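Labels A, B, C and D are assigned to the chains in the order they are written; within every chain, residues are numbered from 1.
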Amino acid sequence: MARHFIIDCDTAEDDIMSLFMLVRNGISVEAVTIVEGNISYQQEINNALWALEFIGKDIKVYPGSDRPIVKSFRSVEEVHGKGGIGDILVKPSRLKPENKSAIDAIVELADRFSGEIEFLAISPLTNLALAYLKDKSIVDKVKKVWVMGGTAWGRGNITPVAEYNIWVDPDAAKIVFNAGFDITMVPWDVIVDYPVDEGVWNKIKGMNTKMSEFYVQIYSHYREYSMKNEKIGGTPHPDLITTSVAIDRSVIKSSEKHYVDIENCDCITRGMTVIDYLNIWKKAANTEVVYEIDFQKFLSMLFNLLSWF
Amino acid sequence: MARHFIIDCDTAEDDIMSLFMLVRNGISVEAVTIVEGNISYQQEINNALWALEFIGKDIKVYPGSDRPIVKSFRSVEEVHGKGGIGDILVKPSRLKPENKSAIDAIVELADRFSGEIEFLAISPLTNLALAYLKDKSIVDKVKKVWVMGGTAWGRGNITPVAEYNIWVDPDAAKIVFNAGFDITMVPWDVIVDYPVDEGVWNKIKGMNTKMSEFYVQIYSHYREYSMKNEKIGGTPHPDLITTSVAIDRSVIKSSEKHYVDIENCDCITRGMTVIDYLNIWKKAANTEVVYEIDFQKFLSMLFNLLSWF
Amino acid sequence: MARHFIIDCDTAEDDIMSLFMLVRNGISVEAVTIVEGNISYQQEINNALWALEFIGKDIKVYPGSDRPIVKSFRSVEEVHGKGGIGDILVKPSRLKPENKSAIDAIVELADRFSGEIEFLAISPLTNLALAYLKDKSIVDKVKKVWVMGGTAWGRGNITPVAEYNIWVDPDAAKIVFNAGFDITMVPWDVIVDYPVDEGVWNKIKGMNTKMSEFYVQIYSHYREYSMKNEKIGGTPHPDLITTSVAIDRSVIKSSEKHYVDIENCDCITRGMTVIDYLNIWKKAANTEVVYEIDFQKFLSMLFNLLSWF
Amino acid sequence: MARHFIIDCDTAEDDIMSLFMLVRNGISVEAVTIVEGNISYQQEINNALWALEFIGKDIKVYPGSDRPIVKSFRSVEEVHGKGGIGDILVKPSRLKPENKSAIDAIVELADRFSGEIEFLAISPLTNLALAYLKDKSIVDKVKKVWVMGGTAWGRGNITPVAEYNIWVDPDAAKIVFNAGFDITMVPWDVIVDYPVDEGVWNKIKGMNTKMSEFYVQIYSHYREYSMKNEKIGGTPHPDLITTSVAIDRSVIKSSEKHYVDIENCDCITRGMTVIDYLNIWKKAANTEVVYEIDFQKFLSMLFNLLSWF
């Protein structure tokens, strides 16, 4: 039985590959929703449509929020390039975004696939928060929320202690994490221990498939930035690892359930995921925090995707 | 030509009378939208429907947000009574709320009455903020936003420096005030100088109309609370004065245009309307702040309403 | 019987004239303490010593804090000129500052003049706060604290709602206001209603005394700035009016006792004096807030000072 | 050549043992300074004097701050017992605290032992911050500041992400960490990996020395609390490990220099040590953060102490 997913994108390279991995694994992607984040909002829409054209799939792309609920933020072109896949700016040739807003789409799909729909949150959480504020019943209808976001150990990327998705809209994150969703969170500082290193990168370069060439092309900028500026030993795959976890739980080597809250002040810890690991606050656990990844399992899924065509 | 209004209510006595004043003055009320605030959300819906039954008008009531975007808040039953019109809990006998959400209704009405629709914001600003986040074009379609909220001089009610509507959802207020709407704001600490005092109250009690009896019945609790706890010399009419200003600008004796921002921190000044009266921040003025009321004009409109039937 | 004062200065023109007014009125000034604020800290020390040379008084000048406790701040040379008395930088020719720190001096003088010493706080409150943290018993020994600071109505100068002294070190202010001192506060937005206007300015210019010439010389920059940038109808005298209030209570036309707290967040209301005018927080009143000034009384004291020599 | 130390205590069992370890290792302890924290301030003074009587040393005990600079806090009797060494309340029989304040003592000792004095900060940082504000030159005179405080990985004790010492007075911590001191910080969530477990505890119980019996007596309450409530596999020794690090750097197995700042907001991350591990903020490193401990080295120093007499 096909699983039903919504994938929420601030469409850079890792969002695109995440979308592809869902489709490759037979997931029924009911919607691609677009949210503010990595690059120019308009380019995020273009990237999603262009990516769908590349794999020849007519999945509906719904424009969502183009700004955090109330905070200001900045996009990170230095990380992903102006185009989110390097500096090149692509455009779809055929596909067009839907008129319906992502928030409406999320609410309707939650209702239509009540109890089944899963939300792959690999971007700032503005869309899901607004959908929840519109219709609270989605917490009972959305089966699972898979979050790429936050940190397990306070080792952030956009600031010393915060990961970008949560930092961009910490108010949205606070709403989502406290709403009652069934959340699995894959933190940034867990993911950075599982980069695609020199060996794997070269192996991919030698695969000679359309998808592997596409992969190399769209990840080159991000690879260089990550290795040079963040001292990671290769290309990190925050969104793609989260996607692989969503597709196959066995990618999780270890995880723990905690109550997690979000620091949403205008302060140096803005966007931090605060994990109540000692249950000091005596609140019910709301998040499965992933601590370790079965990297071989992830790699096998990556290669399976890259050998698609 | 009829003017077109949406009235946003956390339906206590002053919201009800404001709705009546709009209808009495030939305004076409396209929607009553309900938002969290004064009393239990469900009772706010009931009050709106019951009030419409009292004046025999089938105006659509749309349920909106029942909570601030991200803050916690408290209702103020001690001010308006459990039922918002004293402690009695009323129910409509016939009318029912719409299924459509207030946020959708606001967006659609803004589009349908583009350039004409006016928003009477006499409650926390959650609905308008969410409608704006859903469809930013409403700033160009909504002709005017009349806000009962904030303070001109830092003399609040729910806290020393903040007025209740803004305090309940300061994030929503910050969104609305910075969105680009054409706003006229009637502050709490201006309104308290214009209470219905002993003389007017007795005059109303002697009017012997259905509406004047209704008025006395629903305002008694609020009158007592305000005079005893807030040292006001009579019943304040924050919503109703704002409504009279919206209907007839000549109720404004003096006003000034400023850039106004909202303090939305978790701090003792939460919810304060910060008026940049010296233009220190060099931002374009976004709000006409009303400083003085033509009280006689307001009273004449009040008596006109109370003599309706 | 002479009264005993400590005057705490971020020595610009109005601090200097305040010091002179104390001496002129037979107050025994036990110390001039210097604190961060208006201009360069070193120049504040120079100004105090140079001013003492001008009136030929050897009052001890104690250097205090040169920074707020924990916030960052900025000096306001645009208001008072680089030298605090216009752009000219003066130096004392003879007098030197003490080695002892102002904090120690305050603690010792409080002890020596226990029950009598009065603190004229016309600058950021860092010194008094640190003295209190050093020796809490000073709250029982200091007879009175006269504060130039804050706003009565949220009409600030450095930001829309905050007055400079409190804004510079809101943490110090929070400590002082909650320590238990007997405080009279003269707010900025009360003072601006009592400027030295064209008529009085010209009268002073025609006095032909050394002091009146000195006054004109040191206030010219501040006068111009205030009239042009803050739309005040003349030269405001925040420190000097507070000093006149301290010397002679009859300068107070009306005042009220309230509990006043300080907003010390990093937010747009930083430094606001929050007056609990309705006693919502049920705390004991800690501050006499001055609401109106007997301007004629103040002017007579000003002229008395300017005719000194 | 003896090293010269000041030890700053909120005197519970681990502070006492830290003091003993300094003396045992031939350190010249110039002062014990007392600060708010673990238990009642008065009891902290008593404990320090009583402990000195136990080892027969007349080291001067200077009372310092009994409250954070501006925040409110709570003591943690549930952790250390009412008396800080269990529930028993001890009193010195002979020794008395000094009249001089700790802040003055720190400033004077820094001057007297300029370039040599070391500050063992195993408590909230209020005293050191106030000493710095009193005399900034101490940053050049204090050779080293050894801090027990903060977290390396966001795993706190008093709140999910903050360690107690920093949480109690985050403003003081922010002042100290940004002042320019040469700081080595031993974080709470590094220390918890090095508890005195069952085996070592039993070994100590079998040592039959006065000191080992004293140790068992004063640590029993803390041991039970830590094992039951914080899921630590034994008694943690945050202060004592930091002290051993201060005495002998070889106890540090690994460490890194970073710029560390403190979150001092009133928010859920209050008191967090924010480690700029990627140098995002481009500030000079101010702290050597200890990541790993040579536990055997520490244990040998512990046993050396416990076999003293």
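Criterion: contacts are C-beta pairs under 8 Å (C-beta built on N, C-alpha and C of every residue); 3 or more make two chains touch, one makes a residue touch a chain.
Remember, it's a predicted structure, so these values are computed and weren't measured experimentally.
S.K.: Farthest from subunit D by Cα centre, which chain is it? Let me know.
M.R.: Max centre-to-centre separation from subunit D belongs to B.
S.K.: How many angstrom lie between the CA centroids of subunit B and subunit D, rounded to a whole number?
M.R.: Roughly 56 Å separates the two chain centres.
S.K.: Measuring centre to centre with CA averages, how many angstrom lie between subunit B and subunit C?
M.R.: Using C-alpha averages as centres, the distance is 42 Å.
S.K.: Using mean CA coordinates as chain centres, what's the subunit C-subunit D distance in Å?
M.R.: 41
S.K.: Please set out, as single numbers or ranges, the residues of subunit D touching at least two other chains.
M.R.: 265-267
S.K.: Can the chain contact pattern be summarised as a line, a ring, a star, a complete graph, or none of these (other)?
M.R.: Contact pattern: complete, every chain touching every other.
S.K.: For the complex, which residues does subunit C have touching subunit B?
M.R.: Touch list, subunit C to subunit B: 151, 153-155, 157, 159-161, 229-231, 261, 263, 265, 267-269, 272, 274-278, 280-281.
S.K.: Looking at the complex, which residues from subunit A come into contact with subunit B?
M.R.: 65, 67, 69-70, 101, 103, 130, 133-135, 171, 174-175, 264-266
S.K.: Hey, which residues of subunit C end up touching subunit A in the complex?
M.R.: 266-267
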